[in-house]
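Two complexes, one shared chain (subunit A), two partners (subunit B, subunit C).
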Partner chain A sequence: MRRLGALMLLLIAVGPGLSGCGSNQLLTHRALVLALGFGPGPHKRDLALYMQIPTPQGLASVMAGGAAGGSGGGSSKKTTVVLKGTGATVAKAFAQIQAESNQDLYLGQLQAVIFSTQLSQAQMEVIGSTLTRLGQVDKTAYALAATAPLDKVLHTEPAVSPMAPLYYATEFSCSACQTVRLDRRIWSVEKRMAAPAVDLWLPLLKPEKAAFQLDQAVLYHHLKAHTILTPEKTELLGYLLGRTEKGFVDVPWHGFPVSIRGMASRTHFSTQWPNGHLHITVHMHIMGEANGFPINRKIGWHVPWMQAAVSRQIANRELRFLESMSRENIDVLNLGEAYLWQHPHQGARWSHAYRHAQWTVHATTTLSNLGEGT
Partner chain B sequence: MAKTFRIKKHETFSRASHTMKTLNRVRKQMVQGIQTHQLSDLTRSLSRLDKNVSVAMHEAQDPGSADWFDGDIEMASTRLSHMVDQSPDVIIRTFEVGKHWHWPAMLVYVDGLASNEMIDQDTVQRLMDAASKEKPTPEAVLKACKMLLVTVGHVTSTQSWDSLTTKALTGNLVIFLQDVPNVLIIDTVKFPARGIPSTTLEPSVKGPQEAFNEVGLTHMDQLRRWIRSPSLHFDPHTVGVISKSPVAIAYIKGVVNEELLARVTDRVERIQRDLVTCANDVGEYLSGHRQSIFPQYRLTERVDWVARQLGQGKIAILVENDPFAILLPVTLMDFYQTSQDYALSWWDGTLVRLIRLSGLIVGLYLMPLYIALTSVNTVLTPTPLLLTIDASRQGIPFPPVVEVVIMYLIIEILREASNRLPKQLAVTLGTVGAVVVGTAIVKAGIVDDVMIVSATLTALGLFTSPAFEMSTPWRWLFWAMIVGAYFLGVLGMVLVTVAIVAYLASLEPFGVPYLTPFGPVRLGAWADAWVRLPTPVLRRRPIALRPKVRQGAQNNPTPDQFRLGPQGGSR
Partner chain C sequence: MQETTRHISPRQYALLELAGFLGIGIFEFPRALVSTSGNNAWWGFLLSWGVAYVGVWLLLKVAYVDPRETLFGMARRIMPDYVYWGFGVVDTALHILLPIISLGQFGFVIVTFFLPETPIWMVELTLMGIACLVAWWELPALARSTEMLFVPTMMISITLLALLVPHVADAYAMLPSLNVRLMPVAYGGLRTFYIFIGFEVIPILWPYIRRQDQPQARRYTYYAVTGAGIFYAIVMAVTVGVENPWYLRHLEWPGVSALRLIDVQGLIINKLGLLIVVFWGVVSLIFISVRLWAITHVILPMIHRRTIHWYRGMVLGLAVLIFLLVRTVPNIAVIDRLTRFMVPLMVGFVLGYPPLFILAAVTIQSRRRRRRGPAPPARRLSAKQRRERLGFD
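This part shows the complex of A and B:
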């Protein structure tokens, strides 16, 4: 009994110290913010903050397992509501939204953070800083960029998902569902924002009528949206980052388009400094499946030249892509990070060397699943 | 002896005082008008007073006769009548031994506990018809009686009043012979008892189905059928100052740890209690941690399980009038093992044990986790799940913790009501409770759907322990977990878990660590813990029990591969 008493005393003594570890709040008192949007405000220095929150109808549709139909402000059966606040800082905009809501705005279940490509570098820095220091934010949320107005983006309701913010999680959590895996977590974006000589890339979210298109990337330079890649260039970026899962090329053979699909790549970079110039060599090993070949021909004889053709084609395209990125001084491949880790005060030198770097791309291809058995 | 005599004298005088009071009362009432039944009371009281005074005077002449029978059957009759008062079940009859001797004798037995046929036909009739040419002396009569009764059953003799009254009250026939200080005790015990029942509380799909009944002697017989070895010992003890309940300590000599046996025997002998009505009355005296929420011994009705555990080096305590044997020492793991685990293949045994473990985890953690994930650590919940929970909680007026209390109370009330009702009604009640109340409470918006699911799984999970007594601590600790989850979320649950594990690790009933074989780690014993390996592999007894011989019987070598040939011969 004495021991039990001592244990109880210990618990009572420790309890108040641990009280900060738990904050008990009813779920119904929390407004689950599923998506955050950051866009330019009405005034030049202002930010617009958007929050997408599920409605009771939306929750019911999630429970029922299907789309309830409609979203945003106009629909009578809206699954989410989008609240907007503006201000010079995120905190001010946040306070405006809080005033509109009778529930506690809870960011612990955030699914997506959408950045408008219109945001300036300074605004991105403010947002990055706020997100980093807000402890409540779910850092595993996906980061996306949008060229379209955020009002439009956040009011788009995909037909295949019960609620728009769940669409991103469904899409990004399935690696086999995308040509290029473009998922970026917010913690990774924050890390990039803080790192020197490293540029950011984000997937571009393009709203359609009842869906989203997610096959392009936006390249940032010094936290400012710089280039929007085409789907083809996004695929090339994906090969370099090891994120392309279902690449595709056609290799002509006597006028017949031979299809190579399901292409993925393992890529390795190495840098040399001959005569003080930066030389970057890229080694790519591409794997793919040969699917489209004349049905009355044995494909086995043709595999070697097909592999060589694919390697040549990819290597050439990658070389042009890398040289263009290099000329623009956009380093989304983190090459500068390794250099500056060893030479922390040589940022200017790296920047100059990278812009004038010489590139060599070596590619080898292995084709499998030739379809001979069918 | 002198003290006993003083007590008897005091009793006699108090009875005399009571009679005097009755007389005074009657005298007063006589003035108002005497009544017939009061006169009858008076007569009976006077008669009893007379007898009591006679006994007291007789004992006063020879103080030693208070404890020993002196051969005076009239005084013995009076004394016995005084002791049992008007109990109709105690039969006291006088008769004469020998056709020619007409030697006065008296018999005492308890009607219902002794066999009437044995008493009337095999004993009294024989004694009355005895014919002898010898001169009737006390020695000759005693000798003749013993000779005549030797075929009836076990015959012993005693002079002690304590002994003979105990024997008489447990179904033996006690025969007093005039002027013979030795009282004959004949084993005529025969009373109605339940047959060998099938086990109901610890059922098994296959294997033995036999359970103990309430008779101590049958307990031993049943065990003896399982272990036909002289090594199986039963040490008899009597517990209960008034009830004098027989208790047997069963063990296998040569296997059980002698120190453990001595400690258990010592604790049984130290029990000071008026009445013992069930095995648990004994068990609660044996535990070294009486305040512990976790059971320190296992109660089982299965004979095969007791036999198996004895073979491991454990000790069983068999208590008269209770079909449950006490098994000790025990570990936490013991409460999650059943005989069915061994009656079926080892794959089945392992599977059901793992399911029991899962049931424990689900039962203990599911509802606290629900509270933690919906109220405190919302960030840890997967979004689709949280949205589903949020949707189901729309319009619910209570916080999750109140829902838990409501659901738990409903389940416990249903369970308790089912226990008290006849089996057929209990099934109906369970169905009504589960379906009707469950549906209605959700429709009424008192509890949400997800809570119904978790409450049901919790209720089922907490009862997956094959030993009912182990479900109780978890049902208590469940609330500690709820409190921890409510205030500190998952951290609170972790803290409560650590406290539980620390407490379990501190328990050592009869020197055996409660958490063994996991704390301290006994890798060898893991073969028969949450998994059960094939029986031939389980050769060694648990080291935690410190058995005298650790190694069981040697295995046969692995049999050769054998295949029947096409002509019927082997190849």
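This part shows the complex of A and C:
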């Protein structure tokens, strides 16, 4: 009798656990949102929310490893569909999209979140807060910015990818595939939104006919898009963040452009306050490979000169770049955050000091690979 | 082969202690600490850890007043009836709060991150049912379940925390500030003390350890505090370094959010960190089971009942009561307030009663000794008496 009672208790206790997820739904009832886009709405205070969802054909093409003909212009069947909702809050726009769909919108497989550069600071705050609170959002999705209308961005279908939203994962998971690693996860964006005196940078997504171009960064100031860096300046930012993997530079030598490639940098910042003024020193160690050099000359003799010339050129360019950023009071290097952690309530002092900071850049270069033909 | 008894080994005892330490804190730590202590968070943590050692030392002293008797058996002998009853009621009330907090935390974590549309009562009922089942066959079965479930869970957790190290991007926040400010340290230390609450069960568990194992168990108690402290230190260093202190304050469950970032490409379940959070249910489970067992062992001596039927009835009754109380909690903010309210009371209780208890015990013993006159010369014990005294019954 006692054993029977125990068995009954066991069944009662374990029963609910064996029933599976109460919210389990068939895949056909679930719309896997692969990309989210946030742009300005028709009215000033409105947000436009875009969701890119795979079609059954799109899912089939992924299952078949992209054998369904890709998503490029050649295929007549769309692999994804883009739904749009507008409203003052994300929740309202979300509800509008839900009304357009006969499936449950599921954010657990999110691949990318794209922010229009036209969003205001207040709108970015609303979006950041919503994304932080939504427990189901996959925080490892990539964050990007776009100047082009999001409709256009989300309707671009890169020919090399079986489905457009999968492009980002392929692009960013390969560190050797980019000059500068511009991958930004959504959680790191939320993190920067919460921190004081720190500005955000995002990779700029530029749609082309059947491809995306990704070699520029957007700098934000107080969560408002402020500057779009040129590819060259993005490379400089990459050295400072340790993200440039395949940088390149030319140094003239008797009219011959000596070129260095495959450049990466380890960078260290230190701050001093002599006489109450902020002095920031940047130490860079650059590694690279000699690429172009006159074939009839012995490169070995000229390596010290080449290293010094590269160091000088990069240091000068970095100095100008850092000074221009600090004059605009843009800090994407987290220097203010580290300072304010140790000195809370000194936000105004830091802001003033950073704007007038004196920068020094020390760069050393090692050419590790001289190639054939020494 | 080792005999089956109602006793537990020192290792099992240490694991029960350790599971107690992690029962509430594993989800929430270090948000409250970083929010209150700021850059003095490490000092607040060390203060909390130091106080935990003091608390353990005091409670071991209480346990040693009579190492063969549970806390409330001892209390009955040294306290007047009304004090004894008051002590029992306060202890029970405070300890009912602990499983409410633990169960509530787990329910909200699961519903927030995994099963948004599953009714939360299903999650809570399942956990409560299993906790009840684990406690059903008394302490040895509970201790063996702990050994079996808790050790692998913690080993996987530490491995996954190591996978987070490459995500550390804000290393500046991992360093302790040299500008020590007393009030934030003290307040943060107090606010975060919930991470060490759980050790007050020592005097209740103590007689279940064989007499000859008790010196070893004493050492193991300190090992458990050390182990819990090291685990929390790793959690704090990793979460603060990964999430940065400002973002961390916005997160209800910083450890869970950090583990969500682990993305191991190539595995079928690439979000391994998120998976382990489900396994942390084991920590809540053991914590709740031990509370059910301990509260029952406070109430039963008070009502002079000792049979297994009463024990099981009481465990079931408490499980239902706690489940119903948890159902009245509408959201995590209430759990947060409950923790904030419970911690100072618990710290006051756990650190406050042992000195009074020990003082009363010493006073009563010396009074009895005076009344009895000088102790009789020690006599040689028979083999049976020696066995009984050593606890081989």
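Heads up, the rule we're going with is that the second predicted complex is superposed on the first by the 340 of 374 C-alpha atoms of A that agree within 3 Å, B and C clash if a C-alpha of one lies under 4 Å from a C-alpha of the other, contacts with A are read in each partner's own complex, and residues count from 1 in each chain.
Criterion: a residue touches a chain if its C-beta (ideal position, glycine included) is under 8 Å from a C-beta of that chain, and two chains touch if they have at least 3 such contacts.
Computed from a prediction, not measured in an experiment: that's the story for all the values here.
Q: Check whether A:Ala195 is in contact with subunit B, with subunit C, with both or with neither, and answer first, second, both or neither.
A: Touch status of A:Ala195: second partner only.
Q: State whether A:Arg185 touches subunit B only (first), subunit C only (second), both chains, or neither.
A: Second partner only.
Q: Per the contact definition in the header, classify A:Met163: touching subunit B only (first), subunit C only (second), both, or neither.
A: A:Met163 sits against subunit B, while subunit C stays out of touch.
Q: Who does A:Val62 touch here: subunit B (first), subunit C (second), both, or neither?
A: Touch partner of A:Val62: subunit B, not subunit C.
Q: In the overlay, answer first, second, both or neither for which of subunit B and subunit C A:Leu27 touches.
A: first
Q: Figure out whether A:Ala264 sits in contact with subunit B (first) or subunit C (second), or with both, or with neither.
A: neither
Q: Can you pull the subunit A residues that subunit B and subunit C both touch?
A: Dual-contact residues (subunit A): 21-23, 136, 138.
Q: Help me check something: in the complex, which residues belonging to subunit A touch subunit C?
A: Going through subunit A, the ones touching subunit C are 6, 9-10, 12-14, 16-17, 21-23, 132, 135-136, 138-140, 173, 185, 187-188, 190-191, 194-196, 334, 337-338, 341-342, 344.
Q: Using the touch definition up top, name the residues of subunit A that touch subunit B in the complex.
A: By the definition above, subunit A touches subunit B via 1, 4, 7, 15, 18-19, 21-28, 30, 32, 34, 54, 56, 59-60, 62-63, 106, 108-109, 111, 136, 138, 163, 166, 169.
Q: Of all residues in subunit B, which touch subunit A in the complex?
A: For this pair, the touching residues of subunit B are 291, 374-379, 381, 383-384, 386-394, 396, 399-400, 486-489, 491-492, 495, 499.
Q: Which bits of subunit C are touching subunit A when the two form their complex?
A: Subunit C reaches subunit A through residues 38-39, 112-119, 122, 125-126, 129-130, 132-133, 136, 169-170, 172-173, 177, 179, 243-247, 249-251, 257, 260-261, 263, 265, 271.
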